[in-house]
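One chain, subunit A, appears in both complexes that follow, with subunit B as partner in the first and subunit C in the second.
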Partner chain A sequence: MTRNGQEPSPVNDRAAHTHRLVDSEKWLGLVMISPALLYIVALIGVPLVLAVLYSLSDITTGDPNYHIVGLRNFRNVIQNHVFQRAVWNTFVFTIISMTLVLVLSKILALVLMKDFRGKWLARFLIMLPWTAPIALGTIGWLWMLDSVFSPIDWVFRSLGLLGTPDALLGPNPNLYWLGVPTLAMTSVILVHVWRMLPLATVIVLGGLSSIPQDLLEAAEIDGAGFWRRTFQIVIPLVLPIMTIATLFGIVFTFTDMTVVYVLTRGGPVQTTQVLSTWTFFKGIEGGDLAQGAAISLFLFPVMAAVAILMLRLARRTEVA
Partner chain B sequence: MVVVEVRGVSKHFGDVRAVDHVDIATTEGEFLVLLGPSGCGKTTLLRMIAGIETATSGDILIGGKIVNDLPPRARKIAMVFQSYALYPHMTVYRNIAFPLKSQGFPKEEIPGKVQWAASTFGIEKLLHRKPRELSGGERQRVALARAVVREPSVFLLDEPLSNLDAKLRTSARDELQQFQRRIGTTTIYVTHDQVEAMGLGDRIVVMSGGKVRQVGSPQDVYNEPADTFVAGFLGSPPMNLVEREDYIAGFRPEKFLPVSAYDTSEPLVKLWLKLHRMEHLGVNRLLYGTLRDTFPNEKVIVSVPSTVDLHIAAGETYEFAVKEKDIKFFDRSTGLRIEPRRFWEKR
Partner chain C sequence: MRPIRKLAGRGGLYTLVMTFAFFGAFPFYWMIIATFKTDHDLFSPMNNPFLFNEPPTLDHLRLLLFDTLFPQYLLNTFWVGLAVVAITLVTAVPAAYSLTRWARGWGETMGIGIFLTYLVPPSILFIPLARFTGALGLQESLWSLILIYPTFTIPFCTWLLMGFFKSIPKDIEEQAMIDGESRFGAMIKIVMPLSISGLLTIVVFAFTLSMHEFIYALTFISVSAKKTVSIGVPTELVRGDVFQWGPLMAGALIASIPVAVVYTYFLDRFIAGFTVGAIK
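Right after this comes the complex of A and B.
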């Protein structure tokens, strides 16, 4: 019985039912989130479970038979000195490149906030690395850092810094960028910084331009100099954006394999090997899926910690 | 107490002359109001005095010293922004303490100073809050406290009341003036609101198009406007300006009343008015009509106080009058004040 005492007609009833479904936040929400959920389960959940299962087995690309072998893979992986080197390198690579990106992007963004002639050209040039596909850009660097034909070496030679007996950078005609351990790591880090810098700069620039001009002027009138304004007004105000961007950067850098793969393939003698490339070489190229999976799982705790931090930060800004 | 002086100051943004050769000087402890419509250059002028904008030409003097090349912090000024510009990530306490810390005040004296500034504006209880937890009126007080705390020699206020609602604005205006009288610091106040300007200012500088049109006491600029701009800008409704071949005559709507309302021996000028429309506004009535005879078809507005009895109707023509001394004359081409013309005798 409806309120006015009439029996509801079946047609009205069905329409009302559809309405209830569409209006119900519970059902509608479920319907709307399901594509994202499916995507995550298929492309992240399933591979993660597979990785865990593989890491506990003796599976290889040549023999898909599955036998549980317990933690044997993990023991083998940890004892391997290349793995130890890769863990160390991954942290060095991530920490140094992220620090450089943070400092440089802040400086670049501050410069780009100012008005000067040719500002659009500067912005264009800074954005350029981001527009090229990562692999192509890195191949470009591979040529730049070539052991014989490197144009960088050529510039040093013509400046007299390289290739003469008393030259500052040594008597050899080349620096062998990718052939000397420290230079190879430096190259990998610098190319990665080159690639990350545009996006980081744009994010910082966005953060900086969201600060009301009034605040900076008020601080100036209040007597704050450049450093006090930077550290007590500007940085605290862009901190939420910067933190999230940094955490993303860490995830991005920690799991990246393009630069190392294209430039050095982990060499010379594994000195630039990182966890992601070592996983790939072991698991895919070497065919030992089980060990590859075990190595890749070592990325997991760091990623999980970063993810938790990100979620908590996001939550805090949401509440604020 | 310190005097601020602006000598021949201009500011050009590209081809735009935001401020065009302005000369003004405050007296000691004066409350000087810069009044004008949006884009008249008043805020730019204030920002140049503050030092956050550099003058294209001319000199700015604070306390007799040219400060053109001094940064804002060296000018011993405090400024309150229209947006209040409170630091959103700091508590009220840290907001107020910020200028003291920036200027290297002895650490142990800071809490006392902050307390003093906060109590001046009755915000002691808000010290631990963040700006986003405050109402508009509270934010304005915090901004004022932050300006006062360092005891500046000049206050610069950029429309500090414009973000408050009408009721709060009236009481804030009163408090602001009392406070300024009490501490006696020279104050320059920018506003586009003529009521604020009339109510607060010792003197008003009326600006338009980057130029100063008139400087004077509120009564001066209201009763004796220097040109047609000032006459038309001040007053609500503004002065009636009616044109003849060679001049413009102006009279205030509230000084043009039905002849029957006058009981005076002062010489009157009588004009016939055809009434079109009437508005009852409570305090007064606004009559909209057109003049006859001397100024045919000139539209005028009349403001009649509710205390005057009126027996008139729209569509009819009545005789209205204005005292001779209340008619102001302006040059038709320049808009500037000129000597009175006795047009009524030629009739």
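Right after this comes the complex of A and C.
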């Protein structure tokens, strides 16, 4: 550093060097993280605030002028019976499909823990609903649930359960899966389960394979049967990871609009409408951006609750 | 007694596996059948729908590839995916590096914060973003998708990469820096080559996630020639009210299988990304 005749002290030199390095590194760190932060703030943070502002305004696609009208949109939205139906449906879809997914994923994960021939193929086939684009998978279901050519109806017909005057499932030649409210609900739930099961299974599988094998063997030697091992060792140990899987599943199912949009468009007569599709139909197709934003904000509480639960879970595992 | 029980267990196992595989894959088998069936065979309610009652045909494929915009959708999807991958790499790699290397407490918190933005659903964001892209003059343009898709790829990929960078010991870079490398040089020359598999993973996910995306594309794009596969196939291959099931299924099949193969290959790492917080 200083070359004016004196011997440079290596200790000082090093300290100064480190100091400069730390100083410039602090800046470098900030510079490196700023593009990502900027992106998130500008295109997630700002729109989130805008959604709240829109919901309090009278903005439409035709007239983008902006006047604050207070809570009028929320009043109108809540009084609409389609909205009430959509809230109910969103909860029904999420709760039923997540319950089914949790039970089935546990079974499927236990199956996939075993070794058997052709496992890679089985795995590929089982994962398809998650790995293929959901809109395209749902199109496959749309054709399977066709009002005339459904193969499910065909099987029922050839078993004599459908299409004869005294058949169990009725005299019509078809069940009209997407035309009858309860069946349309069932179909949407079925496709959601189909879609989420692979993801949940792999997450549970990750949890299962992290359980020390000797623990299970020791328990078996000590005389613990299958059920006892499952309930007293396996389930408690995979609980944190099951919780993560559930929370993700809830957010994805609760806010997804692809399945309903492609399968039923909320029909027949709005009986399968959910919050996200209703947002789309009101806000984008109907052009009422303000009401659309107000509807979509009803998704927020559930999302925030999930985020808080995740944070608490993350903190707990860190402490442990 | 034992072997019989074992055999029964084996049988039960295979039954379960086959049931689940059937449930997962049947819609895709259904696509294959419809792709190669003649219309006459497809639309005869008395025919066994699971088999070819008439010789298979390539008509639907021909129609799809030469008489529809399907190749254009594939191309659009490809370009959008590529651009999103580039933006994700340029933003998420430095961010993840910065968060793991200069992080004392706040880095971890900020990492979790960034990850949580992944939970903000498109269903809330698409209305303001539709106005936003409109104001930028990007309506009906693939650029709107290229601009918006990184909002879900960046949070996820940053989190995923943080896991990879954490596993590389700091000592290696520090040694290189003592040997005269700059911090940036050490990152490029030492850390990146060691994280190749992590980088490859985020390339695959940024691409597949943008290929899967449906809501934004449906909201921002309505001109046929600008659609991606995800929205083009479900919305365009319908003439009037008539679904053209043959070409429709062919399109869904062709676009699904390759991405599914790649995705399956990388699935374990994807899950690792989801659960780093929980396993540790």
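Assume the second predicted complex is superposed on the first by the 283 of 320 C-alpha atoms of A that agree within 3 Å, B and C clash if a C-alpha of one lies under 4 Å from a C-alpha of the other, contacts with A are read in each partner's own complex, and residues count from 1 in each chain.
Methods note: contacts are C-beta pairs under 8 Å (C-beta built on N, C-alpha and C of every residue); 3 or more make two chains touch, one makes a residue touch a chain.
Bear in mind the structure is a predicted one, so any value in this text is a computation, not a measurement.
Q: I'd like to know which partner A:L168 touches here: subunit B for first, subunit C for second, both or neither.
A: neither
Q: Scan A:D214 for contacts with subunit B and subunit C and give back first, second, both or neither.
A: In the superposition, A:D214 touches subunit B alone.
Q: Examine A:G29 and indicate which partner it touches, taking first as subunit B and second as subunit C; both and neither are also allowed.
A: Only subunit C; A:G29 stays clear of subunit B.
Q: On the A-aligned overlay, A:L71 touches which partner chain: subunit B = first, subunit C = second, or both, or neither?
A: In the superposed model, A:L71 contacts neither subunit B nor subunit C.
Q: Using the touch criterion from the header, give the chain among subunit B and subunit C with more contacted residues in subunit A.
A: Touching more residues of subunit A than the other partner does is C.
Q: Examine A:L128 and indicate which partner it touches, taking first as subunit B and second as subunit C; both and neither are also allowed.
A: The second partner, subunit C, only.
Q: Could you say whether A:Y54 touches subunit B, subunit C, both of them, or neither, answering first, second, both or neither?
A: After superposition on chain A, A:Y54 lies in contact with subunit C alone.
Q: Of the two partner chains, subunit B (first) and subunit C (second), which one does A:P236 touch, if any: first, second, both, or neither?
A: In the superposed model, A:P236 contacts subunit B only, not subunit C.
Q: If you stack the two complexes on chain A, which partner ends up touching A:G223: first (subunit B), second (subunit C), both, or neither?
A: After superposition on chain A, A:G223 lies in contact with subunit B alone.
Q: Residue numbers of subunit C touching subunit A in their complex, please.
A: Within the complex, subunit C touches subunit A at residues 13-14, 16-17, 20-21, 23-28, 30-31, 34, 42-43, 45, 48-50, 90-92, 94-95, 97-99, 101-102, 110, 112, 114, 116-117, 119-132, 147-148, 150-151, 154-155, 158, 183-184, 208, 211-212, 214-215, 218-219, 229-231, 233-234, 243, 245, 248-249, 251-252, 255-257, 259-261, 263-264, 267-268, 271-272, 274-275, 277-280.
Q: Please name which positions on subunit B make contact with subunit A in the complex.
A: On the subunit B side, the touching residues are 50-52, 71-73, 77-79, 81-83, 85, 87-89, 98-99, 102-103, 146, 150.
Q: Applying the document's contact rule, which stretches of subunit A touch subunit B when the two form their complex?
A: 212, 214-215, 217-225, 228, 232-233, 236-237
Q: What part of subunit A is in contact with subunit C in the complex they form?
A: 21, 25-26, 28-33, 35-37, 39-40, 43-44, 46-48, 50-51, 54, 59, 64, 107-108, 111, 114, 116, 121-144, 148-149, 151, 154, 173, 194, 197-198, 202-203, 206-207, 210, 240-241, 243-244, 248, 251, 254-258, 261-262, 275-276, 279-280, 283-284, 289, 292-293, 296-297, 299-300, 303, 306-307, 310-311, 313-314, 317-318
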